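Both of the next two complexes hold subunit A, though its partner changes from subunit B to subunit C.
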Partner chain A sequence: MLARAATWWTILRISLEERLVYRGDFALGTLMRFMPMITQIFLWGAVFSGLYVASGSRPQIAGYSYHDFIAYYLLTMVSRAFSSMPGLASGIARDVRDGTVKKYLIQPIDMLGFLLLYRIAHKLVYYVVAAGPFALVFYLLRDFFPGWPDAWTVACFLASLVMSFLLGFYLEATIGMLGFWFLEVSSLLFVYMLFNFFFSGHMFPIDMLPGIWGDLVMMIPLQYLAYFPAAVFLGKVSGPELAWGLWVQLGWVVFFILASRLAFFYGLRRYSGFGG
Partner chain B sequence: MAIIEIEGLAKSYRVYQKKEGLRASIRGLFRRQYRTVEAVRGIDLTVEQGEFVAFLGPNGAGKTTTLKLLSGVITPTAGEARVLGHLPWKRENAYRRRFALVMGQKNQLWWDLPAAESFRLHQQIYRIEPSRFERSRDELTSLLGVRHLLSQPVRELSLGERMKMELIAALLHSPDVLFLDEPTIGLDVIAQYNIQSFLRHYQELRKITILLTSHYMKDVAALCRRVVIIAAGRIIYNGSLSGIINRYGGQKVVSLQFIDGRIPADLARFGEVILEEPPRAKIRVDRRVVPEVLSGILAGYSVEDVSVEDPPLEAVIAEIFSRNGEPPEHQVGQIPELLKEE
Partner chain C sequence: MSEHPSYLRVLLTFARNSLVRDMTFRGNFLIDAFSSMSWVFMNLGFYVLIFEYTPMLGAGTGWGKYEFFVFLATTLIINSLVQTFFMTNADEFGELIRTGSLDFALLKPIDTQFLVSLNRIEWSSLGNFAVGLLLLAYALGKIDYSPGPAQLVLYPVYVLCGVAILYSLMIALAATSVWLGRNQTLYDFWFYITNFSRYPMEIYRGPFGTPLRRVFTFLIPVLIVVNVPARMLVRPLDPRAPEDFLLPIFAILATIGSLAASRWVFGRALLSYRSASS
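Moving on, here comes the complex of A and B:
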């Protein structure tokens, strides 16, 4: 067990070192992530002032005020900092296609475990670099928030963030594993990203969706990648509904852990060892 | 003691057949045609401990597929194989800690970090005791002359230096079996020589079992006593290197140097003239008629120097390849050229 922990630590440490090689690109990439937030503030600002002019009262869209919208977007930005996995699925599929996946097969190492540690390292570096800008943005936009939630809600929010990271990782890893069958998953990934953008709550709060569409979207796991943690923090989900939501999120995490493991197992059985 | 035991090992792939043209591409969206490629067709082989065996064959003969099967990268369609008593495709950690696979130019090292970091990771992955790790690393880097490059990012190393680092990474855990797939591909002659010398020295020292595939006959001649030739997925020769020439090299090359500086016009009656560079000439003759050819030439012409040699190994191997299985396009009709380059 100690030896295994030492291996994990070494993988994590080396991944951290690797991430710090290209400092300029990394710092620029991190800062650029805040750009969409600025556009969202202006966009919804324009929408709500238009509504204000038309109605004459403080407007709301599906129960969300302008302040709610901005607070929601800031929080989904935090969720997505945990759940987004750039390059994971395409990287796995590329490793399969090019044959570089064989390094995980010949060494006494678990590929998914390795990739998870690698991703944790990348996220840790990102959080360290992005903590300052995040704090500044939250401070500047503090008036958009209703205030700090209680400790229990914060704990649930943190738990849902950790699970959104795991869900994002194993969901994309499962898509990447489909590379054993299709070799190229970029189109599939494009469709997934599109669905993710709309139905994770990245584009708008998904509880705005009416009727059956809202019910359908709440049944798929994508909401746990962005909407759910933000809704927890904002107190839109509470009590038994919150506990149930966390259990369902955990269920999806377990489901995709199993799905990625199964896809890897069966994928290897049909793997042809491409690329020399 | 047999380290590698292979019995009836076979691997076939289903390959999509795409015809030329846009129409065929559109048709391929709805109805696809597949072809079964039998990469390895039931091979039997036993390798004893401490042997250094060359696996030769034209491109697509099944060499690399066999190495992939033995290292557990792929699963066979049929047959059995045991390496160090393990079934390779079960990928047990106990097996994976005892072998290494090096594929030419397939990078296992972290591209942006110094090789020392990748080695440190290998130490943890293979659970190498720290003092043993440091001893192995220092020994291997000294032998290959790359100790001073340990802290340089891998991306800044030359191809030869990278290959040496790959070899070190593969040997740090002191594997009992080493699979080498084209370890000198793309390297210059100096780097090739250095890696050959290192492999010979290391194998003699550690008595590990090595299976090598290479297109460079110099690698094979320098390192391996035993050669297995595979063509179209079947083993067609399994024996000593010298045995290949005895068995397949049916011809000899007679080199002549004429005193008067002119090459006789009727030299072709003795055999196929493969070189004419006055005063020197070379003819290829059937090895059974060498005495008659020599006495005929010496009796008829003024010869200053004469020698009889086996054809180069490359030429013999190329001939075997083209006789068995699919003749590779770059080898057919190339034998005279190879002889001329001798």
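Moving on, here comes the complex of A and C:
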């Protein structure tokens, strides 16, 4: 048990060090990621000013005021910082294709566990480096926020963020595991990214979608990757609805943990490695 | 035999070779074209959604739903041209510098910038060009105003100006990898900068918006790229404000300036190039 903990600790430490190699480039990249935010602020400013002329006093779109919109976008950047997993699925599929996956079969290391620790390390470094840029941007745009929600809501927000990390990880890992069957998952991944971008709430609050579309999007797990934590923070979801939402999110996390494990288990039976 | 190569014939050869290569992997070609088009349709859906809620992008700007679709179509047309002709090449250029393969390009008896910029043509990106044209025709049919012959002639000219400005920015950024070695962040930078070109310039107003608009009009002229041709089609040509009249003239100057500046940066980069191997 202790030996195993030591192994995990070593993996975490190595991944941390590896991640810190290009920290300058990394911090600059983080700050730049906020640049599209500037366009968003002006775009929604224009949308609301057009609406103001047409409708008069304090316009709202799907229950969001102009300020709510900007706050919403900033918050989805936080949830994306937890849930986005660049290169995870394609990396797994590549390991399957070029045979690197053998390394996990002969060494006493669990592949999914290793990848999870590696991601946790990357995310930790990311939060340390990105905390500065994030704090700066949130401070500059603080007037867009309605103020701090109560402690309970903050706790739920944090819980949904942690689960969005796990959901993002296991969902992408499951897609990557499909590489055991298809070898190349890039087209599949493209479709996933397309849907993720538009229907996770990254591009717009998904409750803006009318009728059946809105209902459909609320049923799939993507909303927990960006929309849900932000909506929790802004008080769009509260009371029993909030509790229910968190349970459903947990349900999806468990579902994808099982799915990725199953895919790995059955994938390995199909897998054949050659050479050394 | 003449001293100088025929640039047109070389270009046609590049186009032909790229097409042959694309047609060798036909399935991949179709997937490429299809996937970039699906992004476009999703984006279009997003703007349809926005205009479900608001009649106009900015009070009094005149950018209603279909006017904005003309704008969007122009963005599509310009971006697809840049992607077809230059994007892959600019991307490759950084790689050529890093690996030292630029030696081979330098040795060839043809202008290096021409060779590097147009070597590979991405035919599958023309799918979006077609979508852009269709959207343009559809949106123009929906708006009351119809552009006159002068505007129809000037539109493609300004589209080409837009392509030239974006190309200049891109090749100049790619050339900086001579000094920086790696330029991943610079590519992100390119993406984020051109992000500003995607909306009508009128939305940038107020104490922060106005300086921002000036910077991206005069210093890094990305706001001109789509705005000038798109306005050309949705507004009467006779100027209502001095700005309407001066901006198209400035766009020509900005195009010439950008091309000259990128040529200069490219030349400086080649002077600083030290081959990676041998």
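In this section, the second predicted complex is superposed on the first by the 268 of 276 C-alpha atoms of A that agree within 3 Å, B and C clash if a C-alpha of one lies under 4 Å from a C-alpha of the other, contacts with A are read in each partner's own complex, and residues count from 1 in each chain.
As a convention for this text, contacts are C-beta pairs under 8 Å (C-beta built on N, C-alpha and C of every residue); 3 or more make two chains touch, one makes a residue touch a chain.
Computed from a predicted model, the values in this text were never measured in an experiment.
Because the two structures share subunit A, they can be overlaid on it, and in that overlay subunit B and subunit C fit beside each other without clashing.
Of the two partner chains, subunit B is the only one that A:Lys102 touches; subunit C does not reach it. By the touch criterion defined above, A:Phe42 reaches subunit C but does not reach subunit B. Applying the stated contact rule after C-alpha superposition, one finds that A:Ser57 touches neither subunit B nor subunit C. Measuring from the middle, so to speak, at the Cα centre of subunit A, the directions to subunit B and subunit C differ by 90 degrees in steps of 10.
Looking at the shared chain after the overlay, A:Ile14 reaches subunit B, while subunit C stays out of its contact range.
Contact with subunit B, but none with subunit C, is seen for A:Ser272 once the two complexes are overlaid on the shared chain. Measured by the number of subunit A residues touched, the leading partner among subunit B and subunit C is C.
Of all Cα pairs spanning subunit B and subunit C in the superposition, the closest are 6 Å apart.
The contact surfaces that subunit B and subunit C form on subunit A in the two complexes do not overlap at any residue. Chain contact summary for the complex, subunit B toward subunit A: residues 13, 64-65, 68, 71-75, 91, 93, 96-97, 99-101, 103, 106-108, 110, 112-113, 117-118, 120-121, 123-127, 153, 181. Across the complex, subunit A is touched by residues 31, 35, 38-39, 42, 45-46, 49-50, 52-61, 182, 184-185, 188-189, 192-193, 195-196, 198-200, 202-204, 206, 209, 212 of subunit C. Of all the residues in subunit A, the ones that touch subunit C in their complex are 25, 28-29, 32-33, 35-36, 38-39, 42-43, 45-54, 61-62, 187, 190, 194, 197-198, 203-204, 208-210. Interface of subunit A with subunit B (complex): residues 3, 6-7, 10-11, 14, 17-18, 21-22, 99-100, 102-103, 105-109, 268-269, 271-273, 275-276.
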